[in-house]
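Chains here go by letter, A, B, C, D and E, matching the order in which they are written, and residues are numbered from 1 within each.
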Amino acid sequence: MKLVRRRTRKIPRRTVGAVPGTLQIDPEAPPTTVRVMAYGPDGLEERDIDDLEDLPGIIGLNPVTWVNVDGLGDRNTLTRMGELFNVHPLALENVVNVPQRSKVEEYGEHLFVVTRMAFLEEHLDTEQVSLFLGKNFVLTFQERAGDCLDPVRDRIRKGMGRIRKAGADYLAYALLDAVIDGYFPVLERYGEHLQELEELVTSTPDSSTVARVNAAKRGLLSLRRAIWPQREVTNALMREDLGLFSDVTRLHLRDCYDHVVQIIDTVETYREIASGLLDIYQTTISNRMNEVMKVLTIIATIFIPLGFLAGVWGMNFNTEASRWNMPELNWTWGYRSALILMATIAVVMLLFFRRKGWLGSSPPAEVSPSEEER
Amino acid sequence: MKLVRRRTRKIPRRTVGAVPGTLQIDPEAPPTTVRVMAYGPDGLEERDIDDLEDLPGIIGLNPVTWVNVDGLGDRNTLTRMGELFNVHPLALENVVNVPQRSKVEEYGEHLFVVTRMAFLEEHLDTEQVSLFLGKNFVLTFQERAGDCLDPVRDRIRKGMGRIRKAGADYLAYALLDAVIDGYFPVLERYGEHLQELEELVTSTPDSSTVARVNAAKRGLLSLRRAIWPQREVTNALMREDLGLFSDVTRLHLRDCYDHVVQIIDTVETYREIASGLLDIYQTTISNRMNEVMKVLTIIATIFIPLGFLAGVWGMNFNTEASRWNMPELNWTWGYRSALILMATIAVVMLLFFRRKGWLGSSPPAEVSPSEEER
Amino acid sequence: MKLVRRRTRKIPRRTVGAVPGTLQIDPEAPPTTVRVMAYGPDGLEERDIDDLEDLPGIIGLNPVTWVNVDGLGDRNTLTRMGELFNVHPLALENVVNVPQRSKVEEYGEHLFVVTRMAFLEEHLDTEQVSLFLGKNFVLTFQERAGDCLDPVRDRIRKGMGRIRKAGADYLAYALLDAVIDGYFPVLERYGEHLQELEELVTSTPDSSTVARVNAAKRGLLSLRRAIWPQREVTNALMREDLGLFSDVTRLHLRDCYDHVVQIIDTVETYREIASGLLDIYQTTISNRMNEVMKVLTIIATIFIPLGFLAGVWGMNFNTEASRWNMPELNWTWGYRSALILMATIAVVMLLFFRRKGWLGSSPPAEVSPSEEER
Amino acid sequence: MKLVRRRTRKIPRRTVGAVPGTLQIDPEAPPTTVRVMAYGPDGLEERDIDDLEDLPGIIGLNPVTWVNVDGLGDRNTLTRMGELFNVHPLALENVVNVPQRSKVEEYGEHLFVVTRMAFLEEHLDTEQVSLFLGKNFVLTFQERAGDCLDPVRDRIRKGMGRIRKAGADYLAYALLDAVIDGYFPVLERYGEHLQELEELVTSTPDSSTVARVNAAKRGLLSLRRAIWPQREVTNALMREDLGLFSDVTRLHLRDCYDHVVQIIDTVETYREIASGLLDIYQTTISNRMNEVMKVLTIIATIFIPLGFLAGVWGMNFNTEASRWNMPELNWTWGYRSALILMATIAVVMLLFFRRKGWLGSSPPAEVSPSEEER
Amino acid sequence: MKLVRRRTRKIPRRTVGAVPGTLQIDPEAPPTTVRVMAYGPDGLEERDIDDLEDLPGIIGLNPVTWVNVDGLGDRNTLTRMGELFNVHPLALENVVNVPQRSKVEEYGEHLFVVTRMAFLEEHLDTEQVSLFLGKNFVLTFQERAGDCLDPVRDRIRKGMGRIRKAGADYLAYALLDAVIDGYFPVLERYGEHLQELEELVTSTPDSSTVARVNAAKRGLLSLRRAIWPQREVTNALMREDLGLFSDVTRLHLRDCYDHVVQIIDTVETYREIASGLLDIYQTTISNRMNEVMKVLTIIATIFIPLGFLAGVWGMNFNTEASRWNMPELNWTWGYRSALILMATIAVVMLLFFRRKGWLGSSPPAEVSPSEEER
């Protein structure tokens, strides 16, 4: 599993100085499909829309109509959608020129909300969801097909909870709540990943470990950038002035706000933990270097003096030129004395190192992460 | 003692996109038991409730009724409790889907408070306490049996202080105060633990020390996350608008707020101290590496040149081929001169190292933590 | 490409204690040229102005007049411009004594806006644009010829969008928007540059890499200083009190504000990434040092003991003086045994090192930046 | 001098869940003594109070009465004091359960102020001063006898300044001002201490230096925690609503507030300086390690190759078996050539090292702290 | 040039608990001189005042009177000045007990402003300027003779600008502006100094470099402490309530405020740059250590194995005792084979090192600071 964000164009594609309100269609964007769910306490109509001109006939027939648009590749469809729902050109530009920062804006009688889903399939990925909320409709735009909104669709289809009885504002809340809930499994995966990294970093770290910790940090940074503005979004919705949200829905939004704060809390904690991992890594590396140095020092410190002694008795001073010239070479006990002296020196050195505490190699760090909180 | 938080599921268990207000019972949650203390200045009735339908008959008989629910494992009981006390489904969801961030919310006529107890038995652990305050009752939910509220129970039983004469608001305050007070012994343990770690880090640190310091840092991070929102909670209670709190109780809440601020202060100080320990650790390690290097350098620097000299006089140039070929080998004083020269070089080297200050090994850091403030 | 800011005099040239309102012309400033675009829904007049006294005759003939001044080297022209447009001396001083921090100030009936363009040709460079907005004119001053405003000119010339139909306030917005948009390509280049640096830092970093990372950090710091105050500028314009901005233009300013926030977000993220690169660099360097040490230790630890043994058997103890003096020299298997012993020691050492995991050189960090988000 | 805080129980002694308002007397607290100064423009009465029941008779006789209580060890005296002055039980609990955070609270008609004195005798120490201000009295509680309030007593006794003419509010201000002023000599000592540490850290640092810098940092952290809340206290007093403070005294409080801000400024600067010292220490240590490595490298790099050469000519190839076998051993110039070659190699190496700049040992850091600002 | 602050007593000289409003004359303070400039549109009178009693006769004769007092050593003069201008004792104490934090305070009808000049002659130094502004006079106190206000004096003398026509408020502004402008040349010097340090740090850093960078950091810290409160001062003046400042002067104050913000910006940037220099230093040092280690490793790794081989063939095994004992010594090609083997090993090692990239010494960091922005 790679918990890094898939490479996406994080800076919106803008032609410098383009006319404001221009739709800058990404040529790689998938084609646009439109699907409608219109429902009320008594019924549900769900179908794909091939001809946009059918839309006006559908809206208003049911208490709530949810029009979902997947794929931002078809300029004509998008422009026509904008006209049908009376969307301001600047808002439509924000829908298309992804990514935008999450935000809430009022345009006349409807509310424009930009939010962001987080996925973790093979990579971390985020996708912009733009939502227009009117009196009796919700209009959503997504970058690609596939989303985390299926539970909401199920609840509508099966009439679970109060969604079928409530208005468009409750649908908007339910969609936002589903988007926010989608961050929890992502966080859970990051929690597990950090635990793996911690075990790695204290046992067998190599230089790729740092790269992985950094990748995790960067992924968390992405998450942070995605979730922070959503706090403001939820807060703004609770306080909006257009009167679109009922008191009951506001109560639910308060709950949703709590979830966002909880996600932010967790992301910040994970970021601190990831930073701590780098400290542990540095320590592990220092300890290893230390151990390498100790081995070198022990070996060199024992054998260099001994080698010197052997060198002395390997000198060729002429024992016959003087009786003071290396007489030990001719002693009966000479060689044995030399060996015993050398052994004594080695033992003394070893005792010195033991006293220094260098002989016991430092044990691996004993963190039992199973007892750690994530 | 391990001052690390027990591994708990820090992210609430949520089925993505579940219907809001759904109780997601943790299959491992302990079964639910209900206990009532109903009291007034004149009397006290305390008993376990087996049949929830007895409850309505008890409430209102005494000026104050405290219903305590331990264990979140029994969906029926919890749901029925919610109905009996007219608890909003979203609030009940917050009770069950632990952990929630500490907060205060108004629901109609009663106040919903989420707070968090800290324990330190074998591990650091925290547990959510959810509290509903009505006109004449307090309803508390705890994750498990066992809490830090026994002193409050004792005061009710023995009629100590003003608790029996005061209303439900004072009971709510007393419970909150007991929860907050429970952080002080935890902090005291952390203070002692940091002192132990400091002694360790300046005397015989190994790589497990860093892991322990990090564990302490993480535990403090958990405490911080638990206590910070409680500040807001206490503050919000002092300022609540429902008129549930009397002026006297508000005065007590101000005191409680001071305790929270004091705990926050201490946690932040401990976090700074823990970070400082890592600096000291790095320094201790650097000093050790330095000492290792010095020993290597002293030994190598003395004996490598001497070894070279011995090597020179061990060369086999033919002294008979020329009178310039190693004539010293045949000198009467040759060997003795060589040895004296070597000894002289060694002494000069040692003097050089003493002048450099390398011979005195650096003493261990002298912190006398007994004089340090925690 | 060098993503460092060209050396410019960042502190405005001020004669200490000069009379406030004095124009302190930089002797190296390019000469001043004036160009006018006067337009309305029905027409466009565009021409260079050689004689400033023509200006009063032009303004007012068309609904909107844009007077652009390039080059701040000509005191007379600038002073005369100030008189013609009734510019306050302090404002004019701010125009000339570049660089000034971006800001909005009201002077009587017109608005004075200081903003800052960012370029990235060979180096990162920024240039001050000063803008005066009156009822029916916009007056801009630039440090040098050449800017990022050509798209606006094109839109005026070709009548694209609503610019020809809108008033001077919309022109001011359009210019500001073009200035802000000019940061996006700069950011994109920095994104690519950071990616290159990341590849470098994990593969073949040398000391120039740190210098380059630092240069990028400093460039980002410049960008940050340039863009932060623009947030305040955009915000102040949305809230200005003179009534110069229409509601429609304010809506567009809100969009512009979003872009500024997005740029700030990205700059902050890049700064975090750049700081992370220095961590990776440190790690790479540590790993290399470690590897160097390992090679030294392996070689020294194997051959120093072996060299000692060879030295022992190279001693000249007289085998004839005693049968205990180095008898092995005369053994039939002496030499072969010695070689076998040495080989055995070497093999044992190698096994020890393999067990320590020192023999496998640590692989280069495996970041696959193609999967990273920028 | 040890600039570390004496080990005190930093977390107030609390029996978990005790009845709020309970006095938890520290068994080690010194006994309680009470002393009264009652004065007005015309006279002064100063005496120890042995029987608390005398107190009511004294208060009111003079315009201002200052009752000072030293030592918090006597429950009865403290309780009776509380009753006599109508002190709220929660306030009295705050007086006794030290340490409390500095704060201002209104209780009915009088003001309760908690502040904190800083001492530096052998160790840094702080002591809580609790102050009650009524219409015509000031009541102070101190943990121990001995304080920094003698200058105020002198001024009262000698009638210096306006203190005898002013009311109880001015006395309260004067006491607070004396407490604040007591921080300046402490800061001065820290300034000198940091200067000593800086000299140490750049000249002969050892591992105890880091411990001392850390102790200083921790002491400054204590000071910071003690002084920060006092800013709020002074501010709150300037803005209090009970009308206890006259305009003149408020002017003096403004002055007092300035002193607090100045102390905070200095503490923050000292903290930055102390952090900088750790950087310098790290650098000094790195430089030393570098120097050690250089000596090792120079010696080893010169003598290991020379030793190798000596070893070559010490080989025992039989010169008689072939004329190609070590013929140089028999050359007339053999030995001399060998020595000359070795000397040449050594000189070349030395030149190489000089070119690398390794021979000049790096000079000690030249900070002339006498020119530094503290 | 030393860009460190001259050692000054940064904590004001206070006798603990002194009577508030006491002038604590520094015995080393220079004697006090008084000089008056009284002027209006029509005339200027400028002279030294020897007898303070002349002052009342001068004030009021001209529209504006500026009384400047240099030197704070003469208690009588200062006290008398205070009486003449009706200065509050607390304000006068702030004038004398330098240094005070910059601030604005209202005392009855006049405004008391404390500000701070920055000088950079041999050292960085700051000096307090205290300014009283009344209806028709400005009274300034400086610690020493010599200031940066001469340009203002010149403008008054020569009647440049509007100063002679404007009131005392404009004079106060002009003085403040001159004080603020005095920071720009100081900053410019710091900019150059940082550039020098950057060149040093990437080319030939030694341990004194860190000390110099730290000195620069500390100097910038001093500047920061001096300039930050001036922002508040300028802001407070723009908003003061006494009506002393005319609208025109407020416009000029807005300009002055911009300069302060610009200085703050630059100081913060310089502080970041200085911190970055320490990173570069650490890197340079690490690289050097790395290079030292590489040289040691290359030499040792090549020659230790060769030395071992030489040692083997220097062993004295008796070739005559067995034909297996060192037969190579008697081979015709023995010596030549040995030398060739050794050379081969050396070459193989060198190839190994080249492949590792250790042979090319890392080039010095290539920052071309001439292209950097300051």
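Criterion: a residue touches a chain if its C-beta (ideal position, glycine included) is under 8 Å from a C-beta of that chain, and two chains touch if they have at least 3 such contacts.
Only a predicted model underlies this, so the values are computations on that prediction, with no experimental measurement involved.
Measuring from the mean C-alpha position of chain B to the mean C-alpha position of chain D, what distance in angstrom results?
25
Mind checking the centre-to-centre distance between chain A and chain E? Centres are C-alpha means, answer in whole Å.
41
Give me the residue numbers in chain B that touch at least two other chains, ranges are fine.
289, 293, 296, 300, 304, 307, 311, 314-316, 326
Classify the inter-chain contact topology: is it line, ring, star, complete, or other?
Basically the chains close up into a ring.
Can I get the ring sequence of chains, opening with chain A and turning toward chain C?
Once chain A is placed first and chain C next, the ring gives A, C, E, D, B.
Which chain A residues qualify as touching chain C in the complex?
For this pair, the touching residues of chain A are 2, 4-8, 10-12, 14-21, 88, 90, 93-94, 100-101, 103, 105, 123, 204, 206-208, 210-211, 214-215, 217-219, 221-222, 225, 278, 281-282, 285, 288-289, 292-293, 295-296, 299-300, 303-304, 306-307, 310-311, 313-316, 319, 326, 328-336, 338-339, 342.
Can you list the chain B residues touching chain D in their complex?
148-152, 154-155, 160-161, 163, 174, 177-178, 181-182, 184-185, 187-188, 191, 202, 251-252, 254-255, 258, 261-262, 265-266, 269, 272-273, 276, 279-280, 283-284, 286-287, 289-290, 293-294, 296-297, 300-301, 304-305, 307-308, 311-312, 314-318, 321-322, 324-326, 357-358, 362-367, 370-374
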